[in-house]
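I have a structure I would like to understand better, so I am pasting it below and will then ask my questions one at a time.
Chain IDs A, B, C and D follow the sequence of writing; residue 1 opens each chain.
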Amino acid sequence: MALSARRPRAREAGLVLGTLSPGPHNAITDVAGVRVGHVTLIAGEGPLVPGRGPVRTGVTVILPHEGNLFRQKVPAGIFVLNGFGKCLGQEQIDELGVIESPIALTGTMNVGVVADGLVAHAIRTNPDVGITTSTVNPVVGECSDAYLNDMQGRHVRQEHVLEAIAAARPGPVAEGCVGAGTGMSLFGFKGGIGTASRRLPALLGGYTVGALVLGNFGRREQLTIAGVPVGRELAHWQPPVDPEPPETGSVMVILATDAPLLDRGLRRLARRAALGLARTGSIAGHGSGDYIIAFSTANRIPHDPNGLVLTLRHIVEDGALIDGLFQAAVEATEEAVINALFAATTMVGRDGHVRHALPLDETLAILQRAGVLR
Amino acid sequence: MALSARRPRAREAGLVLGTLSPGPHNAITDVAGVRVGHVTLIAGEGPLVPGRGPVRTGVTVILPHEGNLFRQKVPAGIFVLNGFGKCLGQEQIDELGVIESPIALTGTMNVGVVADGLVAHAIRTNPDVGITTSTVNPVVGECSDAYLNDMQGRHVRQEHVLEAIAAARPGPVAEGCVGAGTGMSLFGFKGGIGTASRRLPALLGGYTVGALVLGNFGRREQLTIAGVPVGRELAHWQPPVDPEPPETGSVMVILATDAPLLDRGLRRLARRAALGLARTGSIAGHGSGDYIIAFSTANRIPHDPNGLVLTLRHIVEDGALIDGLFQAAVEATEEAVINALFAATTMVGRDGHVRHALPLDETLAILQRAGVLR
Amino acid sequence: MALSARRPRAREAGLVLGTLSPGPHNAITDVAGVRVGHVTLIAGEGPLVPGRGPVRTGVTVILPHEGNLFRQKVPAGIFVLNGFGKCLGQEQIDELGVIESPIALTGTMNVGVVADGLVAHAIRTNPDVGITTSTVNPVVGECSDAYLNDMQGRHVRQEHVLEAIAAARPGPVAEGCVGAGTGMSLFGFKGGIGTASRRLPALLGGYTVGALVLGNFGRREQLTIAGVPVGRELAHWQPPVDPEPPETGSVMVILATDAPLLDRGLRRLARRAALGLARTGSIAGHGSGDYIIAFSTANRIPHDPNGLVLTLRHIVEDGALIDGLFQAAVEATEEAVINALFAATTMVGRDGHVRHALPLDETLAILQRAGVLR
Amino acid sequence: MALSARRPRAREAGLVLGTLSPGPHNAITDVAGVRVGHVTLIAGEGPLVPGRGPVRTGVTVILPHEGNLFRQKVPAGIFVLNGFGKCLGQEQIDELGVIESPIALTGTMNVGVVADGLVAHAIRTNPDVGITTSTVNPVVGECSDAYLNDMQGRHVRQEHVLEAIAAARPGPVAEGCVGAGTGMSLFGFKGGIGTASRRLPALLGGYTVGALVLGNFGRREQLTIAGVPVGRELAHWQPPVDPEPPETGSVMVILATDAPLLDRGLRRLARRAALGLARTGSIAGHGSGDYIIAFSTANRIPHDPNGLVLTLRHIVEDGALIDGLFQAAVEATEEAVINALFAATTMVGRDGHVRHALPLDETLAILQRAGVLR
């Protein structure tokens, strides 16, 4: 974080994306109760020794609220823009419309272990899981950190998941080469974690939409910032992108909101995040597993309900509020991707593979010339 | 057409969107065999007399090949970005992976009559339909032309569908206020039909992806051209957008390709068109029914097959070809939307409602200043 | 109705399917407010003259409540078991989770005209449709009556739709060869409309699930009643099934409930109706378009809402209530199919095609021998 | 296995389900190349010590062919009847239409570890995975063995997965309390693994459809065998069903065929398995995660293809062949469930919980009286 902290976030650099205002942290944690935790694993250097290292990976968890999530579930919905990925948990979210587990993000080949870590967490916090009550639906998303990391080593362990959950907190969110973002690449530059948020005006309820992305997609020439084809202008920036690894992609987007949306509304919201990705230049390439998970903190679905019927709240799906939420999802996703790029610093990984940080000076100069900086 | 011909297409005006090259007509008809036909209905002016007029509507048909489509079906796939619409035919396309009817586009409330027109066409060309062979799956998409047109009048009749089919031809495609596009609005300006295409290099098979859009979505401030927020720069252009009608949207995108893709591949392609819409500023607003239908002309699925097994061709879904097709779909969709805007001319409709053409001089000046014109 | 009234319903004949109790009418109308209307079109005989006759078709409408459905929408969900059909309205139901139009059932090639009839109805009851408010999403399901009817003639007209809506009423529902069921075939016998219901005990809220089917699927040897392979036992019953027409199938199931379920819960309920079809012997044959539409009357979604947020009710999805509803959907669907078979009477259609009524005496004797009659 | 071998399979007991003929082993392995392997874990008895035991669980793997599946993928499709489950791999199957990993079945809380085991297997057999080629999509299905097993212990380890794969073989398949089926319950009796197959006549290509189920669903009173309500007739059989554990269900069905079906066709096939489940009495209860995965061995999709285009084979989706395959899927699924019940023997698990074997003498007597035994 120290290094990335020296690089400004997009908005700090004068880049204003979209027209809605961000929340106080311009982060997914602007949705009250949402917490984010990272565990970053960096060890070794030099040639890849499969199963040993070098290690450039990690895990990031997003917790929708501060209570017992298994006992107080929240509505959720998923949109799969390109299902070349190994996300766990989708079917139950589709079927029951809720999440009941922290959302964990990690490198692709860690999914099994991380899922097991979420199960361990559920058991610790709910000792009756799988004994006198039902099992838990762990939600795990992934991107491939193959270019920098010894993926075969699956270096994220159960304890790292528990550690990330314990470390989760509200407020500012570390971005760039942290947690699951440690080994990720974005438009041929170093990628990773980014976040942003948008807050609707009071007339539209003052609701917040926050986005957190694990950004690991795109080729250099596709990079678009505020509509400016920055990637093409950086086509000859040296050094060139190292030869692409065989699987060049994926992005996970997590959307949080305090607007009362149920699963159907959240699937609608999730689809809009794809439009935010497009604004950064994404074509959702074949090899890129692109998933969006959206949840709302406005309704709680109890695990141990009384009675036969719940009362739920849902926005009126007509008029300015829903379009405001949609716009917020587009803008927050777009800015979260750019924040990931701005924050991530150059990293050398396995076999001496290098992912260079987005050259900020050149980038800002391009944006300046295009007239899009404030 | 005369009027719209005087307005340049985007590329003629020096605007180059994306990096792939268009086909010879920069139109969906660059996919060999594809034909497009329009019937434009304009009649009356002044106050709305529901059921009478004024009439500002029409029908546009897209035919995948020149043969008997019912007898020689083509693979197809659909993506619904926002299902606030009344598209007919989706389930059977999802289930059987083919289309067997011309695709017809029209105003929302005409869907029933236009579907009936497609049935009439199927009966004429296949007298055994519904007697000794199965029935036909008509495919109809729609957008709302409520702002300019007497929708309640459902002025498109069966014979107009047959006429549009008879008028369908290859080569250049009329754009703007024609056919189904007659009464449409786009980013608060006059919208309608637009088209574009992309051709892959020979090393990638030289395949073509063509897009045709019925563009009827967006608010003025959202309009983005080549990444430039043209709509915001035109915020104070006079006259302002008339008060929006209650249903402000929808877009139908038809993608055609000669690359051998089956239904699953075509659904994947269709999803990328959504990213092309995003590049023009779309947030897929609540009220906008956004549908993409993609078909491929490279395999024919016979209605009356011999034997038990068909041999089909499908692209290798790995490497540069599929990403080239995806990029082509994004770029062709984006340019088709902009072409619709460039082509459409000011129209006065029911109750004196006016949709102004995009002011080209001002727009080109903005684009010039932003440095995106060639 | 006179003829069919002489044939007992399944339960009247001592056949008890499942273990839950039916409502007072054992019909979809046991859900308070639900109304059903039929228009039956029978004209001509002898050789088929395409476009002229003979006519053996009709339209059936289901109205979820007695108010203005466009203004007070109800939650709905769809499950497509086999999408070889031309159902209209699915995407908007999936997207918005409501229906706002009567559900109309008819013969396949009438879908366009019947959709137009629903639009006409919406305009009459809501003169602002498509002018100052949004358009309407007509919901039309179909099965093929090709074997008996002159399908190409599309003999159902707009006025028949309006007439069926006007005729809709609560209470007992005419079954068999009525409305959309007029020309349908079921397991090689005469099919058509059937209905049934189940009521949960008071401890589970006393909720009702009603099913109405338009039954037009299956081959004789598949017919299963109360688990007994009646079709196989009737294999040699004379006369044999006439040669099957090329399109041999389809079934539409409409489920109604007063239990508070939203769209997701209703999709879950709809899927269970497929299990009810299976109990009658269905294998969901390739040519059979099998659709289930479920709606709940327990929440109203206003077209012209006040404020930003709605309060909705939804059952607790755990424990005995939801499984009770699922079981009710299975049983009501199964019995509705059998009721359609029991009610339908022999019909001679185009070209002298005959569909024989299920031979009740033989059938009941088989069931008696198998020990399943009370 | 010794115990279960003494219990006859359904067909050996004179029970003929459906009308198609089974293959030589009446097992999923009748599809040439398909292999099945089990690892059964039984240890300890007495009170549950979470994390320690007693252990009543295991893992079952299904391998589509004998080659390197990652290098030679096979088409696949999934249908989720009730998504209350934690199946891994669905999105990529939906997106790419193939499986590239053995399918592993296990107890719910083992999913993470078993997925990790499949990754380990992929690395062993393809050392370039995640280094110079893409990652692998592990496919894991699960049911809850909470009633008998110490689920929290996740006693299945990576090595068990590798061991099950090594043990996989063609020919007869062990059924009942083996592998993943060790701790499962079915209609309140002991459940587990069952399998069956159907072979089409030579005129329809002689294709085979095989089913393997991990059966763990239903309440006693629902059990239906050959249409006979056996469960209701056994209502008072002693001892009664122990109080149900809180999560009472799930079933995984794996369908294999050598008929040339691609992903869409396989999804269609998978949906029919749900109808087979219904024939055994399933209502797809809320708590039952019901998934069907279907694959075909008739096309191989190479991981390292040459050229731009593949040639694929697909059945003609019309006429008797596809309906034959559908019927085969229904019948094989039904019989596989019944075989699981017939094979499974009484098991005592954690806390002295007992699941009694289906009482075969009583069951066969009931079936005899109903006249359904040969």
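The rule is short, and it goes like this: a contact is a pair of C-beta atoms (placed from the backbone, for glycine too) under 8 Å apart; a residue touches a chain by one contact, two chains touch by 3 or more.
Bear in mind the structure is a predicted one, so any value in this text is a computation, not a measurement.
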Relative to subunit D, chain with the most remote C-alpha centre: B
Result of counting contacting C-beta pairs for A-B and B-C, higher pair: B-C
Chain centre separation (subunit A, subunit B; CA means) in Å: 34
Centroid spacing, where centroids are CA-atom means, of subunit B and subunit C in whole angstrom: 35
Residues of subunit B whose C-beta touches two or more other chains: 82, 95-96, 268, 287, 317-318
Subunit B to subunit D touching residues, read off their complex: 95-97, 204-205, 260, 262-264, 268, 305, 307-318, 321
Residues of subunit D that touch subunit C when the two form their complex: 19, 81-82, 221, 224, 226-229, 232, 268, 271-272, 274-279, 282-287, 317-318, 322-323, 326-327, 330, 369-371
In the complex with subunit B, residue positions of subunit C that touch it: 48, 50, 80, 82-92, 94-96, 108-109, 111-119, 123, 127, 129-135, 137-138, 144, 146, 151-152, 154, 245-247, 287, 289, 291
